[in-house]
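In this document, chain identifiers A, B, C and D correspond to the written order of the chains, with residue numbering beginning at 1 in each.
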Amino acid sequence: MDLTSASINFSIIYPEISLLIAAALILVSVFHKSANRIAPYIALIGIVVSIAMIFKQWGHQESGFFGMITCDSFGVTFKLIFDVTALLSLLIAHRYMISKGINRPEFYALLLISTMGMMVMANTTDLIVIFLGLEIMSVPLYVMAGFAKRSLWSSEAGIKYFIMGAFASSFLLMGIAFIYGASSTTDLRRIVADFHFIMSNSPAYMLTGMALILVGFGFKIGAVPFHSWVPDVYEGAPTPVTAFFSVGPKAAGIAALLRIFIFGFANVMMLSTVFWVLAVLTMSVGNILALKQNNIKRLLAYSSIAHAGYILVALTVGGNDAISAAIFYLVAYIMFNLGAFAVVTLMETRSGCKSDFSELVGLAKVHPYLAAVLTLFMFALAGFPPTAGFFGKFYIFSAAIKSGYIWLAVIGMLNSFLSVYYYLRVVKTSYFDSSDKSFIPVKYSLSIIIVLVITVIGTLGIGLFPQQFLNWSQSALFAFL
Amino acid sequence: MNLDAVIFIISAIVAVLGASMMIFQRNPVMAVLSFMVSLLAQAVLYIQLDALFLGAVLIIVYAGAVLVLFLFVIMLLNLRTTKELGPSSSLMRHLGKYFLSFLLIMEFVFIIKSSFFKGASLVGVMNMKPEGFGTVTSVATLLFTKYLYPFELTSILILVAIVGAVVMARKDKNIDRPTENKLGKN
Amino acid sequence: MSEYLFLVPLFPLIGFLINGLLLGRLPRSMIAFIACVSVGLSFILSLFLFFGLKAMPPEIRIVEQVLFNWIIAGSFHANIGFMLDPLSAVMIMVVSGVGFLIHIYSIGYMRGDTGYGRYFAYLNLFMFSMLILVLADNFLFMFVGWEGVGLCSYLLIGFWFEKKSASDAGKKAFITNRVGDFGFLLGMFIIFWQVGSLNFTEVMASAPQVFVSGGVLITVTCLLLFFGATGKSAQIPLYVWLPDAMEGPTPVSALIHAATMVTAGVYMIVRTNVLFIMAPDALMVVAIIGVVTAFYAATIGLAQNDIKRVLAYSTISQLGYMFLACGVAAFSAGIFHLMTHAFFKALLFMCAGSVIHAMSGQQDMRYMGGLKKYLPITFLSMLMATFAISGIPGFSGFFSKDEILWKSFSSPFGNYILWAVGFITAGLTAFYMFRLIYLTFYGKERMDEKTKAHIHESPKSMTVPLIILAILSVIGGWVGLPHLFGFTNNFEHWLEPVMRKTNQIIAARRINEAVGETGIEWGLMIATVALVLISIYFAYLIYNKRTELATSLREKFSSVHKLLLNKYYIDEFYGAIVIRPLIYFSLFLWKVIDVAVIDGFINGMASSYDDVSGTLRTMQTGRVRTYATIFLAGVVIIIAYMVFY
Amino acid sequence: MISISSYVIVAAVLFGIGTLGVLISRNIIILFMSLELMLNAASLAIIAFSRELNVIDGHVFVFLILAVAAAEAAVGLAMVITLFRNKETLNIDRFNLMKW
């Protein structure tokens, strides 16, 4: 295999291209008067084609475009993760956007391009391309967060995300500059090839660069102390966008962190300590802050911070077990978190609802199935067997204990027990509380039902057959780095 | 002290001063102009570092386009007055922030001072400046061969930025059915 | 036969799926039928499996059935698999048998409740989880059942969620349990880390090679497992949830919070007896916690007025006995008591339910009295159960409790202090149980007229299970008649294959120590019985002296009566010197230690987290500039650490 | 001859000023310019490293970064217009509907 292949081989970016073509079609269709209605379908087709292309790439290991793209199992796995996320978010979004009167075709184009950006991030070993991918992912996200322009909440979420996002990107870029200064290249493969030499040559530059890159991606996954934007943006953004936020950019950030810090700059002592501290802080702060929330979206925001913490535990540990556990956890998390957001979105399509806890009261009486599904997702988030959430945590913590990070595992487990409290509050409110206000029934739509079915099957399926999923996530371990 | 050094010192001071003036300005128009001064000085530094092409691009793109866009928005929103910001807060309240930024600069300076690299022995690094370093040709050659893919990515980035800007700034008429009320969440 | 093992938990699951997915759209009779039949089938199958197992030679009495490989990672594997051995055979019989009776009882008890379908769905789900718990062939699968029963317990305690106290109690139970689960999970991780397997057979086989007997690691592991057990089985310090759990429907209290789920901790320790026997220090902790809990809860039980709370503290106390048995390495005695306790305590709760049913929901014993003539079947059944729990010779509780007390004295891990505390507790038990009987069934009728008009014996569906359990409470102990009476202890013999390693170790330790003598054993037994009878007499004096006594009871205790000479004097003396302080002590324990200190500690922990949460929240000002400042501080610190450290 | 490290130090100082601008400016427009300044500073550092290493790849990076900066500015300013329409102010501290 020629690692610095000069070949301009389009077949390795077919999934990206399909998304791009769909986005372009949507943008062209804007001028048609029924664009609102056809745009989601174009987007859907684009994603499905993209998924098909990914399956064609399965198992191929290729590099192209002068080494700027590496199409390896790791990247392809993440491409699939991004596509599934986009697909589910799209299905969640459709009815919501109509009910809130913000169903504009551009939204779907932005969703597609953002997904494409994530793919770019995950499928390269070049830091500059990772940076560009990050920007292609983020710029649409800024707009999507503020998409409900006339809502003060949404536009505030947009500006906050924009400022913090651009701030973080600047640090990331500075980090890349330092790495470039130390190694004369931004290609991770070349850096790793000469790693010891470069490290002995200019250690301070390399370490600064790593720290700043870590900060940049830590921001994307919502690691403490770079997390402050998460709750505000999650609360303010339109709910389907929040759903997308809570998994898409997070998965992309983790892909980049894995590629750079686990496959790339492994065995740097200082890094593992920093990861250790970040993991502990992220888990604890996320969980503790979630205790007092009265808004479900905000609660899920803090919970997503906590979950990023669990994944950081896996990154701290390193090694094949932990990485496959991280990928496993990520997939599981996508399932039950998007499921939870689908329920929240469904609740919010009722007029006048703001996702406050009080709006859940009576859910179990009016919609017993929906309440049961919500309960399942909450238990999965809290990590009960036999849901996917339990095995995600089980693999991560057992990997940690096996590698001797016993305290980290203990803190992680304590945290996951703490988290039960607030997840249980959601269940308790929807089952056991009563109020004088009557519950306004929700209207199901086909797309939401599809999402709920997929996520329920995913949550339970991964829990009942964790082995198959673990094998699958282990197959993602092969990367060019 | 040779001419190079004099130019460096002057433009470095101008760049830093311009930047400082920008962040301490209360009037946005003045801030844009200060930033422009800083950028011009930075362009001089670029050219000193043999980045002739990029120096020119910096002036054209930044000073010529991006900052004009800033000015344009300021004019559009009629922001020349600073009343709406309210009274400025005291320096003391921000002392921690100054300190943090100062620490960051100190860290960087220390790192740069302590371990400026001996990169010459790296693979692909030349001791001598190659012919035509920093000219349009040399940059363009790389841009359309090795960096073709990232270059194309920037086109997507700019496309999406345009779409985003249009979506955000457009005043909606028919397409946007009114939400419940202006203050309504989402 | 054994190839049908997986059907045992599957039947209730099917029942749950039907009732759960149709959400009570079926007619009520159909719901009850499905729920009861599914559990009944499990019970019948359990019986067949038991006799199938009995037919096998003792050495190979172990059947493992692997449905499929759940997780395989290198050498590690965990199955969805079941293991039938003498221990789990006993457990599934008890669980499905008692469970079946309680299902039948529920038909009558829950009649008229709006959540009928939901109730039976939860109950079936509970049976499924509990059977998984006892049948699982590895720790991980057992943990699934462990969590499942916790979840069902939560759902059922909060079943009448219109009452705020009910849903709060559910949450408290759940969270306290999770604290214990933390220990269990951590213990499990250590076992996995050291042994590389979670399968019971493999762990037990290789544990002696892997762990150093009496070493730190095995002690820590066992203590962690025991910590998990204290959560589920309501021992100090995690018992606080159980009294509150009485907010649930009474059949639920009978099934989950008396007979089955709360004994899961005991089962788990017996299941891992090979590990515990290698950690004598951990065993000592188990024994001490067990006996202290037994004493402590019995003391609190003295002063309770809510009939179900008396029983709840009594359950905690009896569970303490089981842990005492485990702690002195008399594992089979622990399981024996678990079984007899399941019979009589389920019966007690069901009788209490019947009383509450008759009293139109009144649970306070101060407003009862004289119910004997209204509820004859309930009264007789409850009397049988009370005799059993008090340890009247011939009744089931006598044999199991006596064996525990004897073992706590004679076992190489036991000593006379453990015995003495257990001995006193036996007296207390008899006292508070007979206090309950006298307050409820004898004396003046203290209820109001309206309630009085409603008093009626419960329907057949409720009384028939009572009668069956009453019979079991009497004869249930006869499977384990002690050696002392010239029998071979069948029960102990049956469990022998499970305890083989343990018995060898105990036998090895015995060589150096004096084997308990028959004379001492007789002496202790007689002492216990005497204490129990005296306690009953005092209960009778104090709670019944102003009313005419039933002649039969007077005759029964006449010998004791004469023995104590002066009724009036003793009464005064006892009242002033023993009972009054004891009651004050009991109130002190309950009001101060239980409610203020331990509850306060748990609530305080929650509220201190809330405080931390509140403090951290102030950083989340909603202002971007603050966020950027926190961000920058993070950056500065990370760079400083990475570069300058 | 001025050593290249001096240029990098200038870049670091500019970067620090940019961060300070983000931390203290209340006007969103000035805050945006501070963000742009941070990107500029990174670019300057890359140019300096490129000169030191005599590897021209850095120039290409800076070219790409210019595009990124322009894109960010365009989106950000469009958002400013929306915000101003909603709230008639650009004081960043006034945007704190969501907290805790």
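One rule holds in what follows: contacts are C-beta pairs under 8 Å (C-beta built on N, C-alpha and C of every residue); 3 or more make two chains touch, one makes a residue touch a chain.
From a predicted model like this one, the values you see are computed outputs, not experimental measurements.
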Which of A-C and B-D has more C-beta contact pairs: B-D
Chain at maximum distance from chain B, centres defined as averaged CA atoms: C
Centre-most chain, if every chain is reduced to its averaged C-alpha atoms: A
Intercentroid distance (Cα basis), chain D paired with chain B, Å: 5
Chain A-chain C separation of Cα centroids, rounded to whole Å: 44
Intercentroid distance (Cα basis), chain C paired with chain B, Å: 70
Averaged-CA centre spacing for the pair chain B and chain A, given as whole angstrom: 29
Residues of chain C whose C-beta touches two or more other chains: 617, 620, 622, 624-625, 628-629, 632-633, 635, 639, 643
Residues within chain D bordering two or more other chains: 8, 15, 18-19, 22-24, 26, 48, 50, 52-53, 55, 57, 64, 68, 71-72, 75, 79-80, 82, 86, 92, 95-100
Two or more partner chains touched - positions in chain B: 97, 100-101, 104, 107-108, 111, 116-117, 119, 122, 124-125, 146-147, 150, 154, 157, 160-161, 164, 166-168, 182
Arrangement of touching chains [line / ring / star / complete / other]: complete
Residues on chain B engaged by chain D in the complex (per definition of touch): 2, 4-5, 8, 12, 15-16, 19-20, 22-23, 25-26, 28, 31-32, 35, 38-39, 42, 45-46, 48-51, 53-54, 57-58, 61-62, 65-66, 69-70, 73-74, 76-77, 79, 82, 84-86, 88, 94, 97-98, 100-102, 104-105, 108-109, 112-113, 116-117, 119-120, 122, 124-130, 133-134, 138-139, 142-143, 146-147, 150-151, 154, 157-158, 160-162, 164-169, 182
Touch list for chain B against partner chain C, complex: 96-97, 100-101, 103-104, 107, 111
Chain D residues touching chain A - in the complex, by the definition given at the top: 8, 15, 18-19, 22, 28, 31, 35, 38-39, 41-42, 45-46, 48-50, 52-53, 55, 57-58, 61, 64-65, 68, 71-72, 75-76, 79-80, 82-83, 86-87, 92, 95-100
Chain A-touching residues of chain B, taken from the complex the two chains share: 107-108, 111, 114-119, 121-125, 145-150, 153-154, 156-157, 159-161, 163-164, 166-168, 172, 175-180, 182-186
Chain B-touching residues of chain C, taken from the complex the two chains share: 625, 629, 632-633, 635-636, 639-640, 643
